[in-house]
Structure formats: C-alpha cells, structure tokens
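Next come two complexes built around chain A: one with chain B, the other with chain C.
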Partner chain A sequence: MESKVLKPILAVYVGLFILFLYGPFIVLGILSFQQGPEGGPQFPIIEWSTYWYRHLFGLTPPSRIAPLPVGEALVRSLTLAFMTMVTATVLGVMAAQAFRKRFRGAGIVFYLIVLGMMVPGVLTGLGTSLLANNVVGVERHWWSTAFLAHVVYTFPFAFLVMLAILNRFDGSVEEASWSLGVSPMKTFRKVTFPLIFPGVLSAMLFAFTLSFDEFPRTLFASGRDQTLPLAIYGTFSVEIHPNIFAFGVMTTLFSFALLAVYGILMGLSVRRAKKMAMQEDIA
Partner chain B sequence: MTQSDPIFRLEGVTRRYGDLTALDGIDFVADDNAYIALLGPSGSGKTSLLRVIAGFETPDAGRIWFQGRDITDLPAHERGIGFVFQNFALFPHLTVFENVAFGLRNGAQTLSKAELTDRVRTSIDMVGLAGLEDRNPEQISGGQKQRVALARSLVMQPKLVLLDEPLGALDANLRERMQIELRSIRERLDVTFLHVTGSETEALAMGDKVAVLDAGRIIQYDTPDTIYDGPVVSDVAKFLNRFNLFDGTFKEGVFSGPFGALPVSNARKNNSDTYAIRYDRTQVFDAHDANLPGPALPVRFLASEYLGSSIIFLFETEGQKTVEVDHHLSLGEPRHLTVGERYTLSWDPEQAIVFGKETAR
Partner chain C sequence: MTATSRIRQKKTTFRLLAPGVVWMILFLIAPIMMIVYVSFWTQTTFAINSSLTLDSWKNFFASEAYVGALWTTIRLWLIVLTLTFVIGYPAALYVGLMVKSKTISTVLLVLCVIPFWTSFLIRVLAWRPMLGKEGAINIILLKAGIIHTPIEVLLFSELSVIIGMTQIYVVFMVGPIAFMLGRIDHNIIEAARDLGAGFGRIFWKIIFPLSLPGVVVGAIFVSVMVLGEFATSGALSGRKVNLLGNIIVTQVGSLKWAMASVVGVILTILLGIVVAGFLRIVDLKREI
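Here is the complex of A and B:
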C-alpha cells in the first residue's frame, strides 16, 4: 500500500532532481548552436549553426564581437589545477597515513583540518591576499597565493578520501612485507601504494576539478593574471554572447573526458586481476 | 633433544594497552629447531606476544633476545623473523610467484635473477604449489593461500617463524592435513616454529613443546605429554579441556568437594582449591554400587556424544555442574545409560591431581 503511493512520488522527485541538475547545461548546450553573429543568448533559436564554436577558435570572419579572452586563462587554470592536484593529493595521502596511528592531539588536528572546509571561500581568498600583501609582503600571483589557497581548499577533500580508503585498509599486508625484510619506505611503494591507488585517483580527481573551477578564493588571491573562471566572469560584465555557452560546452566535455580517463584507470586497476583469471580458464 | 642455545629468549616482556596488561612480565626461553605451540584462551595475550616478538609492537618493558642478540629496539624488517598471518595477508596485486619472491626482490640482499627464480621455485615446490605460480591470490583456495604465506616466509630462510593461528581460517578436514604438513616442512628445515593457537588439541598434537599462556603470563612450558599428565596449576587443566574440575576446600591434607571429603597425599600450589580428574579416568557406576575404586559422586545422566573412537557421556551433579566421562571404545562396549537416571561416578584417587592454596605435607 505504502509503496504504491510512495514510489511514484519518489520517481517524480528523482526526475525533477535530474532535470534541475542537467537543465541549465542542456539550455546552454542548445543556445550554443544559435546563429551568429547576430543571434543572442536567448530563445528562440533563429537558425541552428556552429558559428560560435568556430568563433571560439578564431575561424570566423572578423565581426564586432571580440574573441573570448580565455586562451591564456585556460592554460593557467589547467596548470594550476594540475599543480594543486599533485600537491593536495600528496599531502592528503601523507596526512591520512599519519592518522592511521592515534597520535597525541589527533582528534583536534582532524577537526581543525575538516572544519577548514566550512570557512567561506571569499574570506579565505581575501585573507590570503591580505596576508600576502600586508603581512608577508609578496606579490599575488595565480601560481603563488592562489595556488596556496587552492591547496588549502582541496587538501581536506583529498585527506578525507584517503582517510576513508585507509580506514578499510588491512595493515597486515604491510606487516607481512616488513617481516620479509622489506623496509617501511619500500613497503609503502610496493604494497600500500598499489593497493590504495584507486583512492589516490579519486583524491586527484576531486582536487583537480575543485581547483579548475574555483572562483571565490581565486578572486582576491590570483593577482593580475586571471584564471579561467575569473576570465569568464569578466566577459559577463560587458555583454553575453553564445560563444560563452560554446565554451561552457567544450569545458564540460573536457571534464567528461577527464572522468572517462579516471574511469578507465580505475577499471584497469580492478579488472587486471579478473582478466588474468579469464586467460587462465581459456588456457 | 640435545642441550642447545635458545633461539630466542624473553626477559620480563610487558605490554600494556591503556589499563589492560596484555603481557605481564613474560620470561621465556625457547628451544632451538623445535615446534613450539603457544596455547592460550582468547584474550590471554598470545597474539600480542607474537606481534612483540615480530617487532610490530614494542614492549613497554623487558628485552627480547634472538640468536644471542638483543633485538628489542630493532625494527621488524631488520629482525629476520618470519610471520604467517591468520588471514594469510597475501599481496592481492601480485601473483603467487611474485608473492613468494617479494622478500628476495625487495629486501636488503641482491640476488641474481637465476638464483631468485631457483629459490622461489624450490620454496613453491616444497609447499606443493607447483603449477599455480601465475595465479592471483583471489584465484586459489584457503589452503593454498596458507601454503603461499608459508612459502613466502620460508624462502627468506628465517631461523624463527611465528604463526598466528595459522589453521584458524581453514575447515576441519584441511586443518588436519596442514597440521601434518606444517610439522614435516619444519622438520626438513633448520627452523623454529612458534605456533599460536586457542585449540588445546592442536597445541598438544603439533608442539614438540607447548607453552600455556594465561592473563599475559606463561604458566607452563613443557612437552605435550608432561602438560597433559601434570598441569602445574588448575588453569592449565582448564584450558586442556580434558579434566573434570571440582571446587572445594583443601585443609590439612583433606579435600572436601561434591564427592565428600578425601585425604590427599600431594597437592600443587594454586590460587584456588581445585580437584582435577581426567575425563577418561572417570568411571560410571550404578547409583548404589558399593564397589567403587574411590570417592562417590552422585550424578544424573544428561546426554552422550559419539566421537568415532570414543563416547563422551555428560552428567550433572547435584550442584548443577556438568561432568564429562570419556569412554574409549577400544576398552569395550560402553554400558547403556538412561537419560535422567541417577548414577555414581568414581575414579582411582591416585590419578587425581589436587591444587591447593596450601600444599600437602
């Protein structure tokens, strides 16, 4: 009885949820195929075209609409996201590894790290820039102050992912390795790391994506040269053209590609063993 | 066995976890080239002891000597002591061959490729796993995993291998086969096995020597038959699971228990007054039989349990205590007993072991 009422309600709820999740992207996706250069960022579609995609890559004849100033910003953001990913993941793995032993003050340190996630991003960004300018006296750059802000922001995520992985990790394989005369460092490289690698991948993915589209912290901390989200926001203040939408579609596709790589790597590390099992059976 | 140097020695080894004392000043001298079974109930500290010897944990006090060297402060990977885990702890991302080769490949010593392959193959052959080298741990059975874990340890040619309830995860059939194999593998190599177990049958069957651990102390260390015939304290008798134990009072050479008062010529020092008689030395008589070899214990018959070579009869005393009688079938057909009926149990008092707070004579 209950499920007869509840099930359709839940189904509608899930449907609405997914609609709201993907709705904006679908609208942007459709509008990115607007006719150009006259067509604006609104319905109806005057005529379907790939004008704005070509415009993005400078393949259209010059018009009054300037090309999107995102090329350098994109490279910057990718570099920053990569740097952040590597640093935050390394720190996250190390910190989570440290938490496997209950050291003194472990509880307090844990909450300090995790509560850091709750501090409003704008304040962190502002604080970082004030710290850099007025206290330490260094110039702000995307690769210095903004990088620092990004690492501080993404580190707790990487840490929590690794903590969850290491919580389920059976330490007896490490002890087995020690008892075979293998040093703790080498044990980490040869045993622990390969086994927690799927978790490391997840932490990397988190750090990269969080850094790649980070806005509030970067706003104040990045200095003169803008990252991609800032550059995009900057174009809003003039006039919005569908080239922004085309660009949005491209970056989203890029993110999906990244996810696909993640999925493949993940699958490989899990499936390797199973594939070998099949070969054995055939042989 | 000839008099030889101890392979390892413990001096007052103590390990605490907060308020809990897992190891309470253990002194122990192990025989070289022997199979030592370490018997203890759960919570007796037997796994802690193994982990301390292996170097996975540091003792709070005491010293550990291995081959005449103090290894208390040496990290696990520099000790050269093998360890076989209850859950096997194989490296899931490596093949059987690579699991066994792991220590040779990644340890301090460098071997030529041929030598490494040779040693790994010898080790794999010894535990009877030839042909499975390329399998992954998830593709082999529990018993095979056990062998890989053993081969992985033995390929390093350790002088001491610690086995933490190695048969606990195997089914009964396999357990018996592995018992025999573990013993024969050890005999072929010059190595001491320290085998931790909670099963008294396993300990008595496998050990050249058995150490009984209770509440963080080794309370007896001797050959299995000595322990079986002469537990030094009542706790050992309890763990052996072969004795009917009766509480009572022991005073001036007389033990008073549920079977009345008995003069006792000899008692062992103990922290309680306990009277012990082995299951297979307890005999069943009619309720009013006057012709008894010793004391009379009135009981009620509860049930019997057929074990193939013997039958276990379960009785209940007037004080609701369960008493067991083990009748070996080679001694002839057991008498027929009716459930709920009253009987008398008796035994030769010479075969009883009495533990007392005060000792006789």
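Here is the complex of A and C:
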C-alpha cells in the first residue's frame, strides 16, 4: 500500500515544515544572547551574554546604542488593545445574538461585518485617515481614529467566534427562564451569559491579541504617539541591533503568559460549569 | 407567534444589530468610499482640494514606477500563492488526513499557530539574521561545503520577500485545507481502495476535489494578505521591491493623498477581481 511509503515521507516533510516555521525564531532567540554592545545582529556569537536583555530594561551603562523606545508605546498598546477588546466583544456578542433569529437582510449584514476582517489594513487605514484628515478635520490619535479602525478589524472575529458558540447553544434553558417570568435582560445575564462565557473569553483573546499586534491600520490612523508595533517598525529603517531580538523574545514570552491566563480562566469557567451541573444533579 | 411579539422581536434584533452595523458603515464603508472620491481630487504640492480631476489617474498610468508596482504586486502574489499551496498542501494532507489520532493532529495544528503569538513585525525581522550574507543559512551551507562563497541574493532582494511572505502566510493555507480534509469520510477512501483504485487515483478523484473549498478559503486568505502587504517587502527588500502597499505608504508620507487614493482604488479593484474569481470556483455557502 502506497500510504506505507507516503506516510513516513509526509511525516518527515511536516517536521521540516515546522522547522521552516520556527527556524527564524530559533536564530533570533540565539542571537538575542549576543555579546554587547559591540556584538552585531549576526553570527558568530562572540560571547554569550544577557547584555541586550539588560539593555532593554535600561540596566546597562549608557552606550552609543539608544534604548528601544518601547516603554510608553507598550502602555499605549495595552490600553488600545483593552479598549478594542471590550468594544469588539460587546458588539460581537450583540450581533451574534441577533443572528440567532432569522431576519431579512441577514446575508448583507453578515457580509458587511465579515468585510471588516477581509479588507487589507492598508486600505482601511488609508480611508480612515482620509476621512479624519480631509473631511471631518480632526487630528488622528491612537485612542481615537486608530481605535475605530481596530474595532472594525476585530469585531468580525469576535462576531464569528460568538456565532459558532451560539449555533450550538441550547435555547430551551432560556425559554424555561422566560416562562418563569424572568425578564429577557435578566435571563441573558443570569442564564445565557454564564453559559456562553467560554466563547466570550475566546472572542476577547482574539480581539486583544489582534489589536495588540495590529500594524498597518495603526500606521495610517494613529497620530504622533506610537504604539508598540509602530515603535518596532521605526527601528527597521535604521541599523538593527540584537536588542530588538531580545525584545522579540520578551514579547513572545508575554504572549504565552497571556495565553496561560486565558487557559486558566477557561479551566476555571469549565470547572464552575461542571460544579453547577453537579449541584443540579444533586438537587 | 402573535403579531405583537413578532414586532417586539424585530425591535430586539434591530437594537442588537444597530451599533455594529452603524460602526461598520461609518468606519469601514465610508472610508473606502472616501478613497474612491479622493482619488479624483486635485493635488497641489502640499494640499488637496475637492475639485474633481482625472490628473492623479493619468499620472498613475503614465508613471513606469507605479505601473511597475502593480505588476510586481501581481507577480509576487502569484508566486507566494503558488508556494503557499505547494508547500502547505502536503503538510495539510498529513495533519488532516494521514494522522489517525485527533490529539496528534490538534497538537500539530497548535504548533503551526504558536508563531502567530509573536509580533508580526518581529516575525518579519527574524528573517534578517537568517538570510543575510553572514546569516544562518549561508553559514550552514558554507560549513557543509555546498557553497564556497556566501549567497548574497538571499537578503534585500525579491527572493527574501518571497521567502518571508511564504513562511508568514503558509499557515493560512494549511488550516482551511486540513479542516476540509479532516471532514472526509474514511469509508469513501476504503471503498475506493477495495474497488482497486491506487493512491494517485484516490487522491485526484476523491481527496483533492473534497479539499477544494479549503484550498479556495486558504487562497482567499493568502491573497488578501499578500496583496495588501507593505511591511514585509519594506523590511526584507531594502526598499528594492515596491508593492502597491508601499506606494500608498510613501505617498501618504509625502501628503500626496490623491495619488495614494488612486493606488488604493486599484488595489481594491484587484482584490475584488481575485476574490470574486476564487468564489466562482467553489460555492462556499453550499460547501460550508
């Protein structure tokens, strides 16, 4: 049988494929331990050191290499990602909730929302800045115009996640609550929301990470004050040093920390749901 | 359902949808319309005014650099699309179809997705120490005795942009294909095998057609992202490769809003044609 031959070949291939995906990171990670400040962003490693990590946090004596301008940018990016996460998730939950009932024009509304994630950032960014600059006449800021564009981008993701969750949602528990005379609003808060909470968490994670890393829209739509991706982009044009590699390793670790928080929250909410189900069984 | 409750339900649907729909119309549709409109505005050295003209359009098609950027964009898009498909499909075939255990296939998919939690720009930048003249690939090839002088064309060339984009976007091809392959009923394959079909025949007659919707979705993802690219080409080509996106960035940088808008409209049309073309191959609504 061919698959006896094919399967091992493909297995090796997938190994190489994953190496292709990770190769640059491994090199980046190794080079972040280059000696400093003389060591450049290339091989060979002159001497292993944590110089560039200390450089990142301003713990090294001043040298000709300026520290990365990431401190304030990080705060801005976190704030922006948080604002975007809250708005996009609320809009996403609301829209997905509406899609549980059939209504006229559902197709158009669906495509209108999904368009937000399909249109390239360079176009939404350009359009938003044109609108702000030449029609409305407002200054662009990361917390105003860039925020609007970020929500346009992340709301569709939140919407699709919630749609997938609500598609599998058993509506009879809500009906039970309504028939007991509980108002729809309270039913949503007390019955629906706790049940869809894992989905809401995923939508939030999506919105947050996408916004935190968003670059093209922010480049056009934000003003002078840089967010983190813009600060990184700014270093591209000048000579690069291993401090940007060290920074890359740090942001990756930060993302994993975020992922871990998500995992813990998810675990807790699943456990709570199980506990509640058990109590119901006893009662 | 009574008439009043139907009206009430309509009201609820409207209230739930209104904020999102209004947001998208104001901050997505209006900006795109604005690009079309501004592309006909009059550009003076430092400002634009709203008297309509075709000047920017004429300038675009008269300029070799701009039309060249259009062709470069199309060429790079076709190359990257082909590469992501050729490199991605076998990986998807293994992950989606060959691996019997669900756990292993999930683990493999998660392994593919993990790099996305690193900043996009850092992922682009990571190719520099990899491809440079003193980069990892050259060192490995030199040590292995395959080459004797370092390959310089690896970095700051079109090739580096292609390598970088392929690595960054290939996963968007693998995901949808693996998903479609995972849904194939193994009994169909068994039946074909029992009837004496070889693997080649099974692949072309059963597996590939059933995975086609995944290929189309992946191709749409990759196309939309590659066509709108400018960061990878900027960072890995040393400004040698100019895509439509790069033109938009430089034009906005020098406050040439009208020309930036012309390029934006051309990019939008290009995207529309590409996406509509892919959707013609497969009726996605029916398949998914």
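Convention: the second predicted complex is superposed on the first by the 271 of 283 C-alpha atoms of A that agree within 3 Å, B and C clash if a C-alpha of one lies under 4 Å from a C-alpha of the other, contacts with A are read in each partner's own complex, and residues count from 1 in each chain.
Everything below uses one rule, namely that a contact is a pair of C-beta atoms (placed from the backbone, for glycine too) under 8 Å apart; a residue touches a chain by one contact, two chains touch by 3 or more.
The shown structure was predicted, so the numbers you read here are calculated from the model rather than taken from an experiment.
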{"item": "Partner chain(s) touched by A:S177 [first = chain B, second = chain C, both, neither]", "value": "first"}
{"item": "First (chain B), second (chain C), both or neither touched by A:K186", "value": "first"}
{"item": "Chain B versus chain C as contact partner of A:V136, first or second or both or neither", "value": "neither"}
{"item": "First, second, both or neither for A:P194, with chain B first and chain C second", "value": "first"}
{"item": "Greater residue coverage of chain A in the superposed arrangement, chain B or chain C", "value": "C"}
{"item": "First, second, both or neither for A:L6, with chain B first and chain C second", "value": "second"}
{"item": "Doubly contacted chain A residues - partners chain C and chain B", "value": "184"}
{"item": "Partner chain A, residues of chain C touching it in the complex", "value": "9-10, 12-13, 16-17, 19-21, 23-25, 27-35, 38, 48, 87, 90-91, 93-95, 98, 108, 111-112, 115, 117-123, 125-130, 132, 134-136, 139, 167, 170-171, 198-199, 220, 224-225, 227-228, 230-231, 234-235, 245, 248-249, 252, 257, 260-261, 264, 267-268, 271, 275"}
{"item": "Contact set on chain A toward chain B in their complex", "value": "170, 172-173, 175-184, 186-187, 190-191, 194-195, 273, 276-277, 280"}
{"item": "Complex interface listing, chain B residues touching chain A", "value": "54-56, 75-83, 85, 87, 89-93, 102-103, 106-109, 134-136, 138-139, 149, 152-153, 156"}
{"item": "Residue numbers on chain A that touch chain C, as the complex places them", "value": "1-3, 6-7, 10-11, 13-14, 17-18, 20-25, 27-28, 31, 41-44, 91-92, 94-95, 97-98, 101, 103, 109, 112-113, 115-116, 118-124, 126-131, 133-135, 148-149, 151-152, 155, 159, 184, 209, 213, 215-216, 219-220, 228-229, 232-233, 236, 240, 244-245, 247-248, 251-252, 255-256, 258-259"}
